[in-house]
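I've put the structures underneath this note.
In the two complexes that follow, chain A is the common piece, with chain B as its partner first and chain C second.
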Partner chain A sequence: MDTATLIQLLVPAALLVGAYFIGSSIEKKHYRELRTREHASRRFITVTFPYEPRDEEIVASTLVTGSVVISVDYFKRFLAGLRMLVGGRIKSYEPLLDRARREAIMRMKEDARAGGYHVISNMRLETSRIASSSGNNKGTAAVEILAFGTGLKLARRRPATP
Partner chain B sequence: MRFEPRLPRDDVNAPARSPVKDGLVMLLGLAAIVGVFFGATTLLIDRLVPYVPRSWESRMFPDFEELVHQPETEDERAYERHLEDLMARISSHWPERPDGLHVGLLDEELPNALAFPGGQILVTTGLMKEVESENELAFILGHELGHYAGRDHLRSLGRGLTLALIMAAMGKSGAAGDLIGLSSQITGRAFSREQESRADAFGLSLVVAEFGHVSGATDFFEKLPAPKSKIGRTLSTYLATHPVSDERVEAMERLAIEKDWPVEGRANPLE
Partner chain C sequence: MILSNIENIPGKTIQEFYGVVTGSTVRAKHIGRDIMAGFKNIVGGELKGYTELLNEARQEAIERMEAQAKSVGANAVVNVRFTTSSVAQGAAELFAYGTAVKVE
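Entry: the complex of A and B
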């Protein structure tokens, strides 16, 4: 019997099934967790433009960041590989990047809150490819999503001195 | 300006649908396209092969001259003479035989015989030790001649090129492409097994023409190890390049009955 061929067939099949079940269970759990955290912090003002307080004044500012590094699993890469042949939306990567962006924003908010900041102003998102070595699509590909902005501390405006 | 707290929606940037169905559709669709392409090319090659002159054939393949084992002992020299003689006898029953048929030895322990493009057949020294009767050896040579009769070298070359083309097209797509490439490779082996079966039938017809019966011809297959477990059997049936030994024997027994070839007869022992 041609054992080498058998292994060539069975190993990817086992990896696919394993990666699918592990990957989707992690994904479901992460989405649940994200929704809870996002709901809890929804009133934390986070804007993409320079924030101008109305009745308050800015007393302190700092850089707040949140970053996530993600990689794809075997199953998602398999589907993306098929997509590279026929074209179209790589649906297997979209939830992954969606989760990464939302997680990065959450981490940034948590960073700001922990430092006692009230508002995040001028928020930006950046994506960088940090590792895809061999170029033959077999190296480990990873992406970093960075969310950053300016954390502002606000205080009630003091009445004008007479 | 008022800040409106809003939660990110789950269904805008990421599809709610599971990607499994999507992947299955793509995989099956691609497999179908590759299958149709592979089948059509194979058919086309089979149609074209008879028009390729035999003289072109050996030039299409790499040189193999250095493989031929020069006989060293008296035994080997006698064996080679016997091979040449047997080859001349059985090939005389094939009127359309090409010119330049030769048979020689190959220094290799595994019992095997190979037909090289252009007409050089090599029998391994391992096979030389295993084979006991002239009928058995005649069948092995006849089988190799069957590969020339079927123009199997060109067919295999064409199939190899088609596979290489498929692999190249799937190249950049990672595991998915590998899988499709591998599946077409395994499908290709079905064609290979068909070639072997036809070569078997051809070889057996030469044996009957020479000796008048089929007895002893398939003895060699009994000496090959058979897969033990049932699952091992089923798998090796699909993965192998050659049909499973006992199935080959059965197929040839059926053929002998169908053609009314005598089954009983005395096999000539080899000295």
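Entry: the complex of A and C
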């Protein structure tokens, strides 16, 4: 075996190992962060239908959005490539979409809270694949997740005047 | 301009409808961002450059939609939807549409 073939084998192997360690540490860190942020905003009401307050009146509303573009690491893409030979569930890609969705929702909530809104009504999620410009399509598995909804500001209803 | 993705503006009544208004923009990625994204593609995680790019583009699409709504005399857009589609390698179209209305 000459040096050229050796390098050809070693570089992807090094990438795989590196991507596995760095990728999984990024993922763990992100999940930790998500858990604390989700815990902090657990009382913030977000619903997927038009919200009708019972005891309050709506004083203001606006469109709130949150989005994230996320990509999968080299190691997971390699696993997915293997999986595509036999078909079935690609477990390595599921956390990617889960993280992206939760992150987008958190950003939408943070956007709403920063503007002083109390509720997000009629939340919707959209997913789209972002094309790579490198030409070969196997390079990218980047997806954009957009979360949007209508932020509502509530105030206690004024007592009815007789 | 008030936007909502519900059929009405919560807490207000609609007085007049002006039909569908749209706003769109096609953006290409810039090369520096693309190189960074190439690195990020090895280790995974968020592609911050792209997130910003798409956010700016979406904001522009919304502004164009608002401008159109204003030009027909509306003061709100209800039932706003978004679509994103990649029209070519490295370029994406961001599209926003909704119904222009007048609320009191």
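Criterion: the second predicted complex is superposed on the first by the 154 of 162 C-alpha atoms of A that agree within 3 Å, B and C clash if a C-alpha of one lies under 4 Å from a C-alpha of the other, contacts with A are read in each partner's own complex, and residues count from 1 in each chain.
The rule is simple: a residue touches a chain if its C-beta (ideal position, glycine included) is under 8 Å from a C-beta of that chain, and two chains touch if they have at least 3 such contacts.
None of the values given here were measured: they were computed from a predicted structure.
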Partner chain(s) touched by A:R42 [first = chain B, second = chain C, both, neither]: first
Which superposed partner A:L63 touches (first chain B, second chain C, both, neither): second
First (chain B), second (chain C), both or neither touched by A:L85: first
Which superposed partner A:Y74 touches (first chain B, second chain C, both, neither): both
Partner chain(s) touched by A:K28 [first = chain B, second = chain C, both, neither]: neither
First (chain B), second (chain C), both or neither touched by A:R157: neither
Common interface residues of chain A - those touching chain B in one complex and chain C in the other: 15, 74, 76
Residues of chain A touching chain B in the complex: 1-2, 5-6, 8-9, 12, 15-16, 20, 24, 31, 35, 38-39, 42-43, 45, 47, 74, 76-86, 89, 91-92, 94-95, 97-99, 101-102, 136-138
In the complex, chain B residues that touch chain A: 3, 5-8, 10, 13-15, 17-20, 22-23, 26-27, 29-30, 169-170, 172-179, 182, 185-186, 227, 232, 235-236, 239-240
Partner chain A, residues of chain C touching it in the complex: 2-7, 9-11, 28-29, 34, 37-38, 40-47, 50-51, 54-55, 58, 62, 80, 82-86, 88-92
Chain A residues within the chain C interface of the complex: 15, 18-19, 22-23, 26-27, 30, 50-51, 57-63, 65, 67-74, 76, 96, 103, 121-122, 124, 126, 128-135, 139-142, 144, 146, 148-150, 152
